[in-house]
């Protein structure tokens, strides 16, 4: 993770949430009043973003102390104390919402990822994200996918080639598109081709694509494609597949199953901050 | 909505997604090749963010034309064509993911809001959001709530006072906290107090709070609180209420029901861009 | 106050004033030469911005020490030592102008506010600012008004509703405008209506406006308006009123007197930094 | 003037003033309703910032038309129509406050400068500003001084050398300080030395300073200094001189009189925007 | 190329070069005076950055017209007219230096690249850049390498894996390092390993590295390495190789020769702007 | 140097080079593994930017320790250890490339400048840079010129006046242009005029230009110009002069020789970072 980008996200989020000052806190809480608080899981899940939470707190006031009791990526249970905080009450209250909003979303994504990964356990399929992430938070969301046991697909349009329908048509065919891409991109970037049927799979294979995506194929066709490819390229299954099909897809022998919903449909994990009386 | 903030979100999102260039498109698609495309709803819901979608497209290339066929806030069905696009294929492809990511999330929030609003129809209760929004996207998410028929709670810490447990304790009581806030804040800002029992409700009333939040009360206690307040303050129901209780809560006579899940648990609406052959 | 915004103001101001380096200091003063200095009031007034002054100093060099001898909002006399500084001479000299420019303006505003507040002492009228602040420095100027004993009007267009002539005409009347605003804005935002005569006051009252502004009325009409409103709404007097009328306006019983000149006509307080030989 | 810097000032000011949206306008005025308005001087003075005013309007909505009827730097009278506007009412209202805040301050500075310049007419003395400008607005304020007939002192610490007391002491004397600066700075930058008595003036002359500042000298001593210098260096008079002394100072034969109050004590010119019924 | 990043570079460069205004032009050239100019090559080379040149011109003034007479990547001769310009003289003069500084550097890099590429013509070796680019200008410099006929190495630390000495030691060996990287990175990213001898080459091969870098090997050892690898991985030659060895290196059969000097040692191409009398 | 600008350059460069994370380091090196390293000169030259190098390291991780063994501006030999580093291996590796890229360029410029300065030793000519610097890095490059013993020409268009051909023609002659500039610019800014023949030199002298540039004159004409000027103005020689002519130019008696190649043709100094086993 790049900390400079993280700090920009944090600054931006704090400005959004604090506006020109916390009217309630400024008017009711003496500036130097101290407080202790506990960060508590209100449901079970995979903890993710605890260091981000602490960094938000310390951005608002560098003297706020955050002691982590659970680790990034750890499975936690309802009621677990994740961290303890001490510092100025006003500073903790001003940072609270942004810190929790990030922590809860990241933990929600890690938790959901872990569930999907569990569904395909024992197969060789890896679960990956897509570019369907929340604008502005991609670095954090892809990190959460890794913490949940998933893998990342390309981060953006410049660190991977994914040749889709439109590219194929404009280039005049899969072969031409793959050749054009190979001639253009840095040698550390792989070429993936999206295919919709076995003829396209064969063409992509012949063009020496590094990765072949099976897009919206049914499970029997996927299995045929995997057999056809036979290890000569990585195979990615893609499409709006429901959770009930996930294991069957994995069992076709694909290497990768990419799931947009990992990041486009988010259920924040319930975590709360309790001040001590 | 402030367009300068929207443009910052769009710029930031495009930089995140495009990196130093779209390797696939640059290598396979002639720079000036033209394309037409249709934006199509893949499920029913409330459309929201269509102008944002168009603005992303035109940020990447001002010459891309987007003709809107459905309006902001309109209920759309699966298969409806929402807009048609024409312009450089490369520009549309580079903008596509960011434009869809924003549109799908905003429409998802508007759709979910409309469902919640429908559940309380016929009561006087308004459904509102909270500050549990996605960091960086609050303006868009609160806009989506309005498009779905909901209302907004305060935007940030500087445009409303919400006195919670910690503020009350630090100030020495509800009365003192309300007085301190009234003496401090601009006269166009109202004072809301969070209460957990009827004694607190009475104290907030006596302190002339403008709004009283009933936090995590059961439905009978809410009804008692509404009766006690009797129109002398606005009443907000809050707490992790399930959808099944929503109508019962509304029927107690509260004015406002705030629901964090409207923005912290997001299901993107399925919308896709189809290029014409 | 939001520190992140303050830091942006400070950074921006330092870049403006330092350019690509302080040619004079760099060429004549050894980099590590130490210095002591005193910050001295050259006229009496209300001190404001002393923490901002210190933060500018420490932004240029975190090792510069600033010991505050007078407090924010305190009345100080000509000759009073406000703070003592010690640190690298070069750093103090590079920070001096920006630190003083902010401090002198903020103290000037606080001083002028205190004079206006004193003129209405014994009445219930509060003196408030307007949005006629210096672009870029609103947060600091509104803070200075508070330090001088004044109150703040809305911070910007999104944290208060003020329905003026144009809004009334476009909406089709005061009643329609108030209704439209009530249906739209967050429930913690109050609605204020600008009126020019008693008929408009009555209409605003009937529409249940929270605050009624009496715009450019003469004093007898103001008194009639106050009597008519009779506590059912807050009353704000506005208009280019000279200082000589201020007390008479306050004695009509208005709650608020807003004065644009508090921030649009600024007389910097004379404060200087004296280096010790 | 650099337009990129101007645009940053405008963006920043609009974000400050609009927040997350103009609640009043959004709720009461149909988005596409058209309006005409006139910009009217409410007092006489020197117009400055009219192009900035127009640029603010067009930043909010590029389709707003502003027809200028008076020119930058022109003397205008109370009641003069400075410009006419037509466009979307909502856009004009959202831009109004920032546009006026800048225009009124700039015109106020130009007006005050013109008065000071008039006081020394017939002498060779030029009136200049100092670095006591409003943080963030220096470019605009120094421009306003020029429009009022004044001249600019250095813009910042990197485009001029002004050797003061502290530099002299640290360098070991005026001679050493001037030599050190000459050896360091770009050859297009002149060296100015601040002096407090005739001995220092002589030393600065001997060191071949380009400009000699007479700091807080009384008028007879200034006259002696001018005679001593006798055209071998430019002469600047400085110090908190009241307006009543200004002409006498000019008549001593100094080349430049720098006045901090030109920009640290600002009286905004009264200009208003009138919408047509 | 990402235009948003390009525009940031241009803005930043113009602010750096223009400061608070072009004193010379503002004082001597009437604002609306028109001019024509020609952009002329003063030496032969490969043209690169002509569109960037035009964009700088149009950033300063959108009405400046630039007609391109030579194309990006084209070989041009001394005396060739590359483009003609017409527009406001003041605008062209303010943009000139930044526009030329970028164009000359980019053309210099493209020209030098083309010379290196020519030296290995007929072999299969591609010439690539490294990350030794000018901070802030990497996107433009890597683009210039492509225009000169070279290829790009990874853009930054997140779009390629290059396992060096330190990584190998920390991971406990090449095998462990490659495995760790493969388990971590997106599936579209390849793994390259830096090797210094044939044993390391063998270990990298066995670990199934995608690319093997031969670092500072002499030519016979390179040839042995190429034979050993035998097409099972891409082979990159690296090290401070002089131009005289370049062809010999290429003839060993390596796929890639990376050359830091392409971007760390820059000779701007001589191009000038001639105004027409 | 202004540290705020330096920090922006560093942040920007790190974001460019690190992207969304260092895949190699993150996957192979334990986060807290410590390392020591030495910074070693691989060729002789003038060291410049060592404090910048250290600041990059500490921006990535404030706990990285850098002990400087050689000083800014010092002549160093091949093999000299310039600094020692200790800290987290991962942090040092992530910062390494940016830190070296800046250090190597700055030292390259200082080294080249020192060579040019040596060529004119014994004459009174100073070697200066021009505005042909790398966009975004001007402050660092002009600093490097000073460290190499050179002098700086103006930093940008707002801190010096240089009247060229186009300005002269637009103003109607050298005399008019100089007068216009003198009437406009701050009194601490000097006026330089570019001349191409002796008649222009005479006209510039008569107009009391502060500095006269001899542009592309041959050496005899330069000598005549110097004689003509005879100390009444500073004299700058300019033009694409080869190194072989440099001393002859200096011997004509000019005060300043400006050389664009100092910053537009850069040869990075070879410096490397060696990790200890």
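By letter and in written order, the chains are A, B, C, D, E and F; residue numbering begins at 1 in each of them.
Everything that follows uses one rule, which is that a residue touches a chain if its C-beta (ideal position, glycine included) is under 8 Å from a C-beta of that chain, and two chains touch if they have at least 3 such contacts.
As the structure is a prediction and not an experimental result, all values here were calculated from the model.
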{"item": "For subunit E and subunit F, chains touching each", "value": "A, D"}
{"item": "Both-way neighbours, i.e. chains that touch subunit F and touch subunit B", "value": "A, C, D, E"}
{"item": "Comparison of A-F and D-F by number of C-beta pairs in contact, larger one", "value": "D-F"}
{"item": "Inter-chain centre distance, subunit C versus subunit E - centres from mean C-alpha coordinates, in Å", "value": "52"}
{"item": "Euclidean distance of C-alpha centroids - subunit A vs subunit C, Å", "value": "45"}
{"item": "In subunit E, residues with contacts to at least two other chains", "value": "2, 18-21, 138, 155, 158-162, 184-185, 189"}
{"item": "Touching chain combinations (by label order)", "value": "A-B, A-C, A-E, A-F, B-C, B-D, B-E, C-D, C-F, D-E, D-F, E-F"}
{"item": "List of subunit F residues in touch with subunit D within their complex", "value": "2, 126, 128, 146, 151-155, 158-162, 184-190, 192, 210-211, 234, 236, 255-256"}
{"item": "Subunit E-facing residues of subunit B, complex", "value": "11, 14-15, 18-21, 60"}
{"item": "Of all residues in subunit E, those that touch subunit B in their complex", "value": "1-5, 138-139, 142, 155, 159"}
{"item": "Of subunit A, residues touching subunit B in the complex", "value": "9, 12-13, 16-30, 33, 35, 89, 93-94, 97-98, 100-102, 104-105, 108, 131-138, 155-171, 176-177, 180-181, 183-185, 189, 240, 264-268, 270, 275, 277"}
